[in-house]
Each structure stands twice: as C-alpha cells, then as structure tokens.
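Order of writing sets the labels: A, B, C, D, E and F. Residues in every chain begin at 1.
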Amino acid sequence: MEIVLSAAIGILAASGVWLLLRPRTFQVIVGLCLLSYAVNLFIFAMGRLMVGVPPIMPRGGFIDPTAYADPLPQALVLTAIVIGFAATALFLVVLIAARGLTGNDHVDGKEPEA
Amino acid sequence: MIEENLLLILVALPFAAALATSTMSPRAHDAAAWVSGLFLAAGGVVLALLHGAIGAGQVVRGQIGWVPALGLDLSFRMDGFVWLFVSLIFGIGSLVLIYARYYLSKTDPVPRFYAFLMAFTGAMVGVVLSGNILMLVVFWELTSILSFLLIGYWHQGQAARDGARMALIVTGAGGLCLLLAMILLGQIVGSHDLDRVLASGDLVRAHPLYPLVLGLFLIGCFTKSAQMPFHFWLPGAMAAPTPVSAFLHSATMVKAGVFLLVRFSPVLGQTDLWFHLVTGTGMATLVLGAFLAIFRHDLKGLLAYSTISHLGLITALAGIGSDGAILAAIFHLLNHAVFKASLFMAAGIIDHETGTRDMRRLGGLRHAMPVTASLAIVASAAMAGVPLLNGFLSKEMFFAAAADWNNGSWLDNALPYWAVLAGAFSVAYSLRFIASVFFGPVATDLPRSPHEPPALMRRPVEALVLICLLVGILPGLTLGPVLHLAAVSVLGPDLPYTDIALWHGLTLPLAMSCVALVAGVGLHALFHAAIARGPEGPPLLHRLRAQKLFERTMFLLTWTLPRLGLRLFGTERLQPQLRLIVLLALAAAAVPLWGVLAPAADPLSVPLNPAFAAMWAAGAACALGAAALAKYHRFAAVILLGGAGAVTCLTFAWLSAPDLAVTQLLVEIVTTVLLLLGLRWLPKRREEIAADRLLPARLRRARDFVIAGTVGIGLAAVAHVMMTWPLIPNVGDWFLRNAYHEGGGTNVVNVILVDFRAFDTFGEITVLAIVGITVFALLRRFRPAPESTTRTEEEAGLRDPTLAHALLVPSVIMRWMFPVLIVLAAILFFRGHDLPGGGFSAGVTVSIAILLQYLGHDLRWVEARLTVLPIRWMGVGLLIAGGTGLGAFVFGHPFLTAHARYVDLPLIGQVPAATALIFDAGVFALVLGVTVLMLIALAHQSLRIARLRERDRAAQKEREAA
Amino acid sequence: MSAPESLPWWIAAPVAAFLLLGSTLTLLGAVGLVRLKSFYDRLHAPALGTSWGAAAILIASLLSWSWLQDRVFIHELVIGICVMATTPVTMMLLGRAALHRDRQDAPPPPRDPAQD
Amino acid sequence: MTPLLAFALTYAQFALALAACLAALRILLGPRAQDRVLALEALYVATMLLFIVTGMRMGTPFLFEAALVIAVAGFVSTVSAAKFLLRGEVIE
Amino acid sequence: MIPAPEHLIIAPILIPFFAGALMLIYDDRQRRAKLAISLVSAFATLVCALELLSRAKAQGPGGAEAGLYRLGDWVAPWGIVLVNDRLSALMLVLTGLLALPALVYAAAGWHRQGPHFHSLFQFLLMGLNGAFLTGDLFNLFVFFELLLAASYGLLLHGGGQLRVRAGLHYIAVNLTGSALFLIGVSLIYGASGTLNMAQLAGLVPDLPEGRRALFQAGAALMGLAFLIKAGIWPLSFWLPTAYMASAAPVAAIFAIMTKVGVYVILRLSFLLFGAGAGASAGFGAPVLIAGGMATILFGVIGILAAQGLGRIAAHLVLVSSGTILTAAGVVLAGADGAILAAALFYLLNSTLATSALFLLIEPMSREEGGIAGLLALTADAYGLDEREEEAAPGAGLAIPGTLTVLGLSFGACALALAGLPPLAGFLGKLGMLQGLLAAGPASAALHWIFAALLLGAGLATLIGLVRVGVQSFWAADAPPPRVLALEIAPVVALIGLMVLLSLKAAPVLGYMQQTARALVPPQSVVVPAVAPVTAPEVAP
Amino acid sequence: MTRLFPHPLLTLALTLMWLMLTRFSLGHLLLGAAVAILAGLAFARLEPEPPRLRAIWPLIRLAAVVSVDILRSNWAVARRMLHDGGRCPRRSGFVAIPLRLRDPVALALLALVVAATPGTAWIEYDPATGVLVLHVFDLHDAETLRAEIRARYESRLLEAFG
C-alpha cells in the first residue's frame, strides 16, 4: 500500500508541478488543484497508513491509541482541504477577472513576444 | 556647570532659529532675517561668555544622553580650536545673513532659506563641538543634507538641482565612509568619546586596521573638503545662491573636512602613510585647483576652484603635521574663510548688479562701483598672498612648512617647488579676476546697468576686508593669542608660543613668495588674452571634466547597470518565479535529506491490495491526463481532475479517514462546478499555437518535465520513507485517549476540529469568509473579454429554441433532490461530533442543494423563490462561531473552551449537547454563505452580461433613431 | 469491531453471490464503455452499473450489515433510491447535449433514423 | 469467514477498481466531451460501490457516509458538466 | 480598563475578527458606520497591543514567564497556545501603529473603491496578529492563510488590470508557498510528533539522525515558504509589482506583510536552530546570510532602476527585509546578539518609513483633481451596480502649503530609509554596523561585506529617493495637487512616530536588546508551554 | 396544517430517510421529523403545489413491472456487451415516441424508468409536441418498443397522475 500511495503522491505532485509551470492560467489552476491533492495525501501519509481503523471510537473507556489511525494529520488535512478550496476558488475568480481585463489567458496577462 | 549649559545653548540656538523661521509666512522676509540675526547674536554672546574659560585653557564639556547603548550621546566639548572655529561660523554667518537679506529676491520664500541656513549653521556648530565621534558623524551628515537643500534653493534651474544632488551624493557617501571610520575608531579605542580618542593615538596607529580607518576617514574628509579627486562637486554647487556659497563654500562646510584633518592629526597623523596620502592629495589639489581656476570664465567658478586649491593647501599642511604646519593650517583656515567669503559676496554683488558672472562680458566695473571694486581688489590680493594682507602671512607659513619639513621622501623634496608653482597660479587667477572685472574697457552689453549695491549689502564685505587688513598688518595683536590657544588645544599644552609677524627677515619663504608673485604676474601678462578666448578649462583637458565624468559614471552605476541588472536578475513573469520556487524547494529538501533518507530496517507496511493499486492506476491516468490536456482540452481536464479527486477521496476512505473522504468529495464537487462556471469566460483555445512546436518551446517543456518529475519522485520517496518508519509517540495519541472524555465525542477528528484545535477551524472559516467577500468584490467589477460576450450571442443564435425546454424533466428530479440534500446535510451536521460529518460538510451539502436548483432552472427562477443573502449568512456564521468562543469568557475559561456532555432528555434519551455544536452551527452558516456566494456571484456574470447587452442594444437603437 | 468473518455461511453465500453479480455487471458496463463504438451506444453502458450492479452490491451490503448489527440496517436503501433518482438526470442531459452538439457539427440531425 | 465471501469481496473490489480504470481510460480517450462526462459518471458510481464493498470488507460502517454523499451529491458535478455541454454555461 | 485581563492576549485577534464579522452584516452603503467600527477596532487593538507590550516588558529579561494563553483550555502541546513575548508584542504594536494611519488614509476615499474594504482590512489585522501570537506551527499556517487571503482581497481592492494581473501572480506564488508550508509542517510533525513550537524546540536536540534530516527538510521547506513572504531574492519578483499595484492604504499596511515572514523566520530559527539545538544549531544561517545579502543587492538594483516612487518603495521593502534576514543569519551563525537588537530597531523604523512612503506616493504623483478625479478614473464602465459609488467623493479639508508638507514628509521618509541621521534609520544601521565590526579585524569577511552592503544600500536609497524627490518637488511646474488633510495626517503621524522613535531610541533599543537576549538563548522563550508528551494527562 | 406540511408525503419520506440513516429512537424520530418539516417547507418554496397524485396503486404495479424489466434488460445488455456482433449483429438507433403524458412529475418518473432499464436511454423530450426520443441499444423493432413503453409504463403513469 505504501508504495502505491507514495507513487500516487508522486504522480499527482509531478502533474501538478508540471501544470504549475505552464503559461496558461487554466493550466495553473488545474495544477494547483492536483498539487493540493498531492499535499493532502502527503500530510495524511505522515500519520502512517491504517486500513480499516477509522479514528472513531466506542463511547466511554480508554482505548489503545495504536489500534487507531492518528487523528491529527487527518484534522490537518481537513483544514488544508478547506483552505485549498478557498484558494482555488479565489484563484479561479482572479484568473477570470484577469482574462476579462487583459483579453487573454496567459499568466502574465500578455502573450510573450516573438 | 554654567559653561556646560552655555555649550548646549550654543548648539541649540541655530536650530531654534531654524524652527522659528520655518514656521513663518513665506512673505515675512525681514522678520525671518531679524530672528535669525538675533539668534546668531545670542550665539555670539554665548561665545564671548565662554571665552573666559577657554582662554584659561579649559575644555568645556556638556552632555545629554541619547542612545548610550550605541555609544551615541549628545556630548559636546569646546577647546580653543573649537572656539575659534565656532566664532568663525557665527561671525561669517551673521555677515552672510545681512548680505542675504539684500541679495535674495522678494518673491522667494525667504524664511525657508533662513531656516535652512540656520539649521545648517547648527549642524556645522554641532560638527565642530561634538565630543562624541559618532555624534560628529551625525552632524556631519546633517550638513550634507542641509547643504543639498541650500544649493538646491533655486530649484527651478536644472544646474541647481544637479549641483545639489551631486554635492549630496558625494559628501553623503563620504560621510558614510567617515561613519565606518568612526565606528572602527571607537572600537579600537573602546570609547566614542573624542577626548579618549584623541588621547589614544599610539593605540590607533599600532592597530592592524589603522590603514583602513585612515583611508575611510580621509575619504570622508576629502569629499567634504573637495579634495582631488572628489573636488568636482564644488564648482557644481556654485549654482547655489551666493550667500550660500559665501557661507558653505568658503567658511563652513568645506572647512569641516580640513577641520577634522587637523583635529584628528594627533590620532591618525604622524605616519608616513598619513603624510603621503594627505600631503600628496593636498598638494595635488592645491596645484591643480589653482591651475584650473585660471581658466574659468565664470566668476564663481574661479572662486570655487580657488577654494579647492586653498583647501588643498590646508590639507597639505595638515598632512605635514609639524607644529608650524598645524598652526599654519589653522591660520589659513581662518584667513581663507575671511577673504573667500568676502570675494564670494563681491562676486554676488557683481552678479546681482550686472546680471552676469561671465568675466569675458564684464569689464571696467571700477567706474560703476568703485567701493565694491576696491574691496574686491583687497580681498583678491589677500587671496593671492600679497603682503600686508592676511593671506600673505599664512601662505608664508605654508612656504616655510613646505621648505622645512624633511623626511626625505620624493614628495617632501618636491614640496617647495609645487608650493611656489601653486602660489604663482593663485597670483595669476587673482589678477585675472581683478583685471577682467574691474579694469579694461567698460562692458556695454550687460543685462543690467551696474551701480553700487545698497550700503548694507556691502557692509559685510567691508567688515571682512577690514579683518583681512587688520590681521595682515597686526597679526600678533589680533589673532595671535587665539591662534595659539587653538593650536595648543590641537597639539598639546607644551607648544611654544609662535609669534606671527609680518616680517621675519629675509627668509626662504619670503623668497618663494616673491618668486610666486613675479611668476604669477608674468603668467597673467602672457596668457590672459589667450585664456579669455579659450574654452572654460585648460587647453586639451577641458573636455575631460571630472564633473561630466562623475555624472556619466553615476548614470552608468545608478541607472544603466541597475536596469540591466534588473533584467538579468529579476523577472516579472510568473513562470520563472514558480520554477525558481520549485527548484529551490527541491534543493531545500534535498540538501538535508541527501544520503540520509533510507528505508527503515524493519519497515512498517500494510499489505498491498491490488484493487487499491488498480484504483490508483485510474487516478494516475486521470492526473497525467489532466496535465496533458489542460492546454487544449480544458473541459476534459476538469473532468479528469474530477476523476483524480474521486480516487483521492476513495484513498482517504480506504485508509480510515471517512471524514476526509466526505469533505474532499463535497469540495471536489463544488470545485468542479466552479471550474465549469469559469470555463465559460476563458478564450476559445486556438487549435494549436505555432510556436509550441518549435525547438525552444520543446526545450522549455522538457526542462519543466524534468523538474516536475524530480519533484514527484522526491516527494514520493520522502512519503514512502516516512510511511515505512515506525510511528513515534506523538500528540495524536493523546487526542485518541481523551477525545471522548475531554471532548465529548467519539469522532476524534471532529473533536479535534471543533474543540482541541477549534482555533484552527476558527481561522479557517475566517479564510473562507475573506475569500467569499473578495470574490464578491472582484466580480462586482468584473469586465469580460469582448469575445466572451459575443460568443454567447453566437451560441444563442445556434441554440435550438426548443432547448429552453430541455431541462423540463431533469429539473423535476433536481427539485426533489433539494429536500433530500437538506436532510443529508442535517444528518451530517448532527452526527459530526460522533460520526463523520460536521458543520463544514453540512454547509457545503446545502449549498450544493441550492446550486442544483440553479442548475436545473435559471437564476431568476431560483431567486424568485429562494432568497439567499450569502454575506449575511457569512457574517452571522462568523458571529455565532466567535460568540460561542466568547461564551467561555463568562465562565472564566479561555476563548473557545468547549463544554460538552450528554444530556438525558425525557423520551429521547442521551443527546450530545456540546457547545461545539453551536460552534459548528456557525461553521455551517458561514460555509453555506461562502459557497453559495462564490457560485452565484460567478453565475451572475452571465446575467449581467445579458443585461449589459440589452442596454447596449437599446442605446444602439436610440442612436439609430436619432 | 465486527467483521465479515462472523457471517454464517447461509448469509455469506447470497452476499457473495450478490457481490459477484453486482461487481461483474459494473465491470461489464465499464468494459462496454470502452469497447462500444458510438457515443449513443456507450450511453447505455453505465446503466448496468447503476441499476443491477449497484442494486446487487447494495443488497449484499444490506444483508451482511443487518446480520452484523443485529438489526435491520437499511442505509443502503437510501443510497439505492438516490442512485436511481440521480443518474437519469446526467444521462438525460448528456444525451440531449450529445444530440445538440451533433446537430451543431453535422446539420442533418440523426433524428429518428429508426423510423425508416 | 467463508472463503467464498472473502473471494467475492476481493473479486468485487478488484472488478470495481478495474471498472474505474476503464472509466478513467474512457475519460482520457474521449473522443468527445460527452464521452468524458459519461465516463466520469461511471467512475463515480464505481467509486461509490467500491466504498461500500471496502466498508464491508473492513467491517466498518463509516465509509458509508462517503458512499451516501456520492450517491446524493456526486451527480451534481456531472450534471453541471453536461449542462455546460448543452448550454455553454452552467447557470444562466 | 480591561474587563478580563487574562484574555487580553487573544484580544488583538478577536477584536478585529468581531469587527470584520459585524461589518459583513451591515449593508455596504453604511460606510460611515463601518469606518467608525473599523477605527474603533483598530484603536482598541492598538491599545491591547500596547498593554501586551508593557506586560511583556514586565516579564523577566529571559521572558521565563512569557504570557501564555491556552485556547479551549487545553494544555500545550495538545491544544493551541498563544504566546505573548517581547517579539510578538513588538510586532503587534507595530501592526497597530500601521493600521490606524492606513485606515484614516483610506477614509479619504479609498475605502469607497470596492465593497467590504473594512472587513478585509480587519481580517488582515486579525491574521497578522494571530501569526504574531500563535505558538503552534499549524495554527501559524492557518493564520498565514488568513492574512494572505485578506491581502489578496485588499490587493485586488479597487480592481483594474494592473491589480488583477499583479494579484494573479501574487496568489499563484503564495499558493505554491502554502503548499510548501504544508509539506514542511507535515514533515516536521512526522519527524517529531508535535506541532507546538516550544515542545519542538525541546525535542530538536535529541532527534536521531534520520528524523533530524526529515525535520530539517521540513523546516527548510517551511522556511522557504516564509522566505517567499519575506521577499528574499530570488523569490521576491512578485513583490514589487504587487505592492506597487495595490491601493495606497493597502500598500501601507502591506509594509508589514513581509515582516511577518521575517518574524517567523526569526522566531523559528532561533527557537529551533539556536545554540541549544545540538546538531541542528545554526541550520539555515548560510542561506539567510547569502539570500539576505542578495536581497539587499537586488533591492538596491531595483531602487536605482525604478522609474516611479511606487517601485522604489516596493524595493525598499525588499532591502529592509533582506537586511533583517542577513542580520538574523549572522546572529544565528554565532555573532553578537546586539546585531539582532539593532536589526529589530531597524525593522521598526523601516516598516514605519515604508508605510509612510506608500501613503505619500499617491498624493505626490497625483494630477489635478484629488481623490475625486481618481475615483472617476477608476469608476467602472461596467458598473451596473452603481449603488456602490457614492456621490461627491473627495470632500474634506484640503491642506495648505501642500508642497511643503509633502516635501518635508518625503524628506523625512528618505532620511529614515537611507539611514541618514538624525532619524531612527541611522540608529538601527549604526547598531548593526557596530555589532558587525565589533570583532575588529577578526570579523569575518562576511561581516565586512554586510556592513558595506548596509552602507551601500543606504546610499543607493538616497540616490534613488533624491532623484524622485527632485523630480517631483523641484522640477515640477504643475500647481500643487489638492491633498486632503485626511491623507496627509496619517503620514505626518507615522513620521511623528519615527521622530519619537529617534528621540526615545534608548528605551526602545533597550527593549530590543532584551528581545534579542530572549531570542538568542532560545530555551527560555516558551518553556512553560512544554509538557512532556510521553506522560499524557489522564482525565479522571 | 398544510402550511406546516405542504408536502406531507415528502415529509414522511424524509423522516423515514432520517430514521434509516440514523437509529430508530424516539429522539431521532422527533429530530428527523423536525428536519423533514423544515426540508419540506424549503421544498415548498420551490414547488408550492404538491404533485397531483390520484392513485398510488398503479405506481406500485409500475415498480413491480419495472424491476422485472430491469433484470431482463440487464441480462440482455450484459450479454450484448460480452459478445457484440456475433450471430445477429446488434443494431442501435433512435426511436421517437409521441407521448400523451404531460405532467412533469410523471415524465420524470418515466425518465427514471427509462434510465434504470439498461438498453434504453432518454435523449430528448419536446414539451411542445410531446415527442420523446429514446436511444435503444439493441433495436429490433421500433414499433414494438413504442407500444411496449406506452402500455407498460405510460399508461400506468397516466392512471396515477391523470
């Protein structure tokens, strides 16, 4: 599982970064989305992998932490998801506005010369 | 005690004057002059009061603390030398004041001038009086700044602006060097107190940093005193009003440099290095300055070069450093101030009365202004070193020092010859000044008809010339004792009294003077006609002017090169910036990890499930596909992104994070819709960009491909290693143990979010709110690209009219889903604390429900039925969340302290009643508001465009009708 | 936590059968999605997954959970109903969009070729 | 556990994952936009079923929520995509 | 009077929060009410910050009993704590000092240029204050995002092509930075198992090699994210355009935005990589030094090559943060803490001065017509929702002697920024120079280079500013522009602050020295926040 | 009462849904009912008029028929997927069916049925003419199909909704 997940993180990150370096605003936003998936999974991976043991416990009593997934990275990912969503939305609107004002969808607002 | 206060008053007086004058009305000429004069007179009184103590050989000190941590204190000290210099400043200052009163035009904002002038005086006094070497630099820089303002006083002229700027830059830069020198000196000595520094000469000279300190110090002094090769700012500064020149460029500012040389010669002097640097520079300046002065046609230009030359003389004396030389330096410092100030004033009068300063146009002025003529003649005779005048005495002493001193170096041997040569030059330019202005044929084509200036304007000149005569004739009686006092305070108390007398007998210096006088007259007689015809500068060399050179260098250094540098080292394009960030991130991670990162010996691992791998095959395909297609097939990229997102969600679920899966999924949906909403405003992608096929583009892509691949591999490697390492005890365990008892919930993630780390959530919802209002604000001013608006028109034409009914059947189902989604949201909300879900998920779900209605119908249909005031929702949500947090204050707990317990309600049973639930309600309201706001604000653009088009069409019709 | 291990064979067998059926159908649908040549044909493929494919799996889930939790566990019904209710919306819109776009691209619309 | 059930679960997981793969392949291949949307829908359904099967296999009921969310809300993204294809805008 | 003194620490976060949230409920047309709320909030925040400062000062020199606030009543490291020590209190006060003038300036008309200006502004304050106060790494991320989000909004405030284009770059760069931040935080968590800064500091010395490497990689990535925000070369190309494009009051408050990055670098470097950090001690110092000096150089180039005052001001921001970063690096590498104290003093002054300069730009370069003309210029052709444009803007008291006041203010800013006496800029530089050269000839070559750069940057600033000043004050023939008292008062106030800073340099510098002393031996900063993680509290 | 329960059936169904998704308990019944009422009220904003449902029985019969049809067509289509072509080549095509049904809710139900049975796909419905265009995966005889749809589904829906 670990190898698959890390490969997945790698591929998502690579696609994201590649798009991030492209000249079109739309490519950049898709890249940011992909990158944020990769980052979320990465944070998540920091809590190690647990299959079938959600961080939800029976009521009452103490439990053995090792039998449960580390909840903190999950909480962090949740926050990161929300913030990433907000950022994506904002970037989208800005890119649309930039497109409207500059007339093209290049990240610099103007087509490169030559 | 009284003296201490007097000292402080003395420094404060000019600044007080500046403050007073600066607040005056621009038309209050006389008042400003009077106030300044009164303050200066008061200064004179103070000086007189201090004379007693000074005359007794005392050093008066006064101190106010400022920043003791930096060794920076407003400490002042006054000895004989300083007293003399301060008297000079005040004296010449008063005369300049009177002069300026008549010189400056009524239309100028004169109080400002006085304010600057007084502030400058204060700064100058500060330089001289400072008993702290750092404070000295402070005042030093102040003089630079104020001189900038004074030179640029007539800022309407380009020359004044350039001159002011150049003066500021040169002297300011010198000041910075001086600052460094002083810091180092302070550290070598261990104190910034001037007295201690002056007493530590041996320590300083033995220090390995001595050459550096000396170099920096000398740069500071030389720039200020306009020594070669920094002399060029002074002629440029002649664009200043004449009173400024008379004050700054004869008596004060330029003298600050030589003052420091003299002052510090006991500390830094008496070494070969000092001698060669200082005397060498001084002599070069002396000779070259005098030589160049001969060729100037501009009166003030001639005086400026003459000043440079005389400053060189003093510098050379300071470099020689013998007792006699220092005495001569101090003496000449005074003498030069006196005669040069009077000459500047005279030049100003001439300029004022005739309207020109060009010697080639002037002539025969002795008829029109006989008094001024005689005054100027006497003063220039002093400048030339004619006997019976003060200039002669100090020059004689200089010759003596030049001839006397013998350390055997070539420079020393050459000194007398150079001195005589310079003397001859100075006679020549003085003669030229007199002859061409006052003698010869009467000039006819002058801008104004000359006559004598107002009497009061002439008074200062008269006073100065009188001093020239008095000192020249009766040196021992007038200046002798004071001079001795000054010299003692520089050289130490055991200095024998030197009698300055007019006649020492037939000595070598006298002979040298005679030679210089004769040679000078000869030079003038031979060349004056040729010079008048020639260019402004020596033959051949006049094109090579330091000023031009400096300007060109400055232009290169401060404009051309920086522009080039900005192009080379900076970019405003986004791609290189992001590439740099990515590359640096790679480096930042690689450097610590290189060679250290290794899989654990006993790796943790979860057995592989082939289905999981297959899922990620799909996910990877989606991700790569999105990367490949985002350029030409945006729609496909959005869909692929959705695919990758779905797989990510599944991964979260698979790996025991149902909360994440739910949230990610909901966010995913909204993001997709947002992207689709945005897609409409992007330009239609042209099929292919031709340049993309070219080699450079391919190379760029290849490079980015490598970068992206490396990032991917690196991140994957780090993630893999981390995942296979055993988990260390971390704070997560505690959460697991305590979530139920302390947080009152079984869903630890949610308990963390709304209780343990509710503050994160609190911040996060604020982020959402901010983004919401930003989107709103931005879209209020949205302006679509022209072709996006026309496009809809085309499509509208293409649309099958029956398509308006296309949504009839689907919309029914969409409406039905509305309550279902609401119930789902409620479920997610209420079970959040115990099971996956929570306010965020619930908010997004409701907004999806609303969005669905927008999808199934049109904006107006929905908005006629559902009123969503997103911004209100946001505000209320934030207030609820914040208010819940504040509620804890009432019970004396910190912000966001949650209270949770299960309440037993009759009939219903145990009900979780956590304040976190209220907090979550706030989150819910906010998320709902924000999500709806973003979606709807974007969607509304279409409507706006439609309305706009209608308006345009109506306008068009009106126009056609008209 | 209870796990599928505790299921007796007489529940496990139908559960297994339903699972096999459902997943196979869904897989077949996906195969069809890839193999079929025209878009309109492909439009039918996912229906396999959304109708009996989903239903079978949901029934399997329902059976096993109902046993495991000792009471009737009918979450799945809600999912089933929702899937049934929502998939047509996409399909309808997609079909219509395809038709619309085909008409735009090729003016003679493929209207009722079957009526000949 | 009966080996039959174990096999069925593994098989179901793999079959569904494969189905998702095939759907992803269709998204990639296109050729037209509607194909991609259709395939995304299929991918969503496969994912949802996979949630349920995985939940069964692991014995946790918590994945169910995610399945429910896909079932109830997942179609929104495909619907909006379809509407985009149909009308050129998502909301009018 | 403070009703609940124990809650004072969180007040600088909550006051702006509630003000911002409250204003969302108000209709956008009630600008006067919003302005009033905004001003009151900013003022109250400043008062709280001052009180916090005096509390921080009252703490011992080591800051052993640093002010702690446990959010949700959870003990660190499980809960989030806010930490008020000298450094954070200082930054809070600085924020407050910048916020009020910027708001007053905005009241002259800028706040009418788009909806919800005041809410965004308050949220920015909240984010800034939160970032300065928090003692938790992830919470820091949240507040960073908060202040960034608000800054996006403010940067875009007013719209227009230039802003939107700059905003696009700004957002893209910062989002990338946020991704780095997240990766860094999670690496640190993975390697150490905690997010609490103080606990982390306690764990760092004993980290085994592999984990240490991961921890350092995480810290490096996170540091990169901060350095982007601090504007270090070569990650600062977004900054000049963004700062230049933003509206004047926004740029004025942005003057502190880079300082947030600097602040975090200072805080974390000395906490995690200070002398007590074992094998990690001094980590990152070479990068800070090299990068900081490159930033100064780049800023200097930018200042000289700039054509407008806006660009100069933006590059001055770079010079300022480069200077502090280099100083931090030098101290981290083992130099005297006095340099840091002086650098903090310099920070205070340069931030105030750049802020004032940003406020000056617009009145100085304004053509005829004042703010009214400006509004007309940017009024949207597509303004279908006209209700936001109020009638007759630009009303207000115009000041007499415009040029004199503007010129004096400009001159003061120029002096302060160039580091010329007698304003405080000189004192900061002097302090740094003294610290750098303290070791005499034994000082590393690096110190000499830094000293030379410091002076050179000052000179270049002088040249650049004088060039612009001469152009706009001396070479201009146009009649003086109409400047409202509301626009110039904030500038004068800021300059007044600088003067005050110069006059009261001794106590301020003393404070800075205490701050530096608390930073440089890091163990003492937040010690009480540490609780052993291995022995968790067990609830009854 | 109608103000509180504009859509009683819906409210009931939603309460049931709540109970299914949570636990059967009195508390959940009350909470669920409350949420359901709220949701029903929200729905009433969109659709003030409840659907004109005359009889339920035909709908139940329809459900029975449809479930059988779904099984059948599933089998048919699945087979076709596996061996496409083969003995008798598959022909797919469009079928236009003029409908008498006008009620949107009924049409929606018909759409559900059509979509749920693999092998038929709803392509287009024109409210002006009342013509429904289906795409059929394996079309043998358009006329039979038309008749089948009319008889099996439409008539029952007509009974239920009029």
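The rule is short, and it goes like this: a residue touches a chain if its C-beta (ideal position, glycine included) is under 8 Å from a C-beta of that chain, and two chains touch if they have at least 3 such contacts.
Molecules present, by chain and UniProt name: A = Multicomponent K+:H+ antiporter subunit C; B = Monovalent cation/proton antiporter, A/B subunit; C = Cation:proton antiporter; D = Probable K(+)/H(+) antiporter subunit F; E = Monovalent cation/proton antiporter, D subunit; F = Poly(3-hydroxyalkanoate) polymerase.
No experiment lies behind these values; they were computed from the predicted model shown.
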item: Steps in the shortest chain-to-chain touch route ending at subunit F and beginning at subunit A; value: 2
item: Given subunit B and subunit F, the chains that contact each of them; value: C
item: Furthest chain, CA centroid comparison against subunit D; value: B
item: Chain whose averaged C-alpha position falls nearest the assembly-wide average; value: E
item: Chain whose Cα centroid lies at the greatest distance from that of subunit C (Cation:proton antiporter); value: B
item: A-E or C-D, whichever has more C-beta pairs in contact; value: C-D
item: Centre-to-centre distance between subunit E and subunit B (centres being mean Cα positions), rounded to whole Å; value: 17
item: Centroid spacing, where centroids are CA-atom means, of subunit C (Cation:proton antiporter) and subunit E in whole angstrom; value: 56
item: Separation of mean Cα positions, subunit B and subunit A [Å, integer]; value: 40
item: Chain centre separation in whole Å, for subunit F relative to subunit D (CA means); value: 22
item: Residues of subunit B touching at least two other chains; value: 572, 574, 578, 582, 609, 612-613, 619, 638, 647, 654, 656, 658, 679, 715, 722, 730-733, 735, 737, 757, 760, 764, 767, 770-771, 774, 778, 781-783, 803, 806-807, 809-810, 813-814, 816-817, 820, 835-836
item: Sites on subunit A at which at least two other chains make contact; value: 20, 25, 28, 42, 46, 51-54, 56, 72-73, 79, 83, 86-87, 90, 94-95, 97, 101, 107-108
item: Subunit C (Cation:proton antiporter) residues counted as touching two or more neighbouring chains; value: 1, 29, 31, 43, 45, 50, 75, 78, 82, 85-89, 91-93, 96, 98, 100
item: Sites on subunit D touched by subunit C (Cation:proton antiporter) in the complex; value: 1-2, 4-9, 11-13, 15-16, 18-23, 25-26, 29, 32-35, 37-39, 41-42, 45-46, 48-49, 52-53, 55-61, 64, 67-68, 71-72, 74-75, 78-79, 82-83, 85-86
item: Subunit F - residues contacting subunit B, complex; value: 10, 14, 17-18, 21-22, 25-27, 30-32, 35-36, 38-40, 42-43, 45-47, 104-105, 107-108, 111-112, 122, 124-128
item: In the complex, subunit B residues that touch subunit D; value: 609-615, 617-619, 621-622, 625, 633, 635-636, 638-640, 642-643, 646-647, 649-650, 653-654, 656, 658, 661-662, 665-666, 668-669, 672-673, 676-677, 679-680, 791-792, 795, 799, 803, 806-807, 810, 814, 817, 820-821, 824, 828, 835-837, 841, 845, 848, 851-852, 854-855, 858-859, 935-936, 939, 942-943
item: Complex contacts: residues of subunit B adjacent to subunit C (Cation:proton antiporter); value: 798, 800, 803, 806-807, 809-810, 813-814, 816-817, 820
item: Footprint of subunit B on subunit A - complex, ascending; value: 1-31, 33-34, 37-38, 40-42, 44-63, 65, 68-75, 77-79, 81-90, 92-97, 99-101, 103-105, 107-108, 112
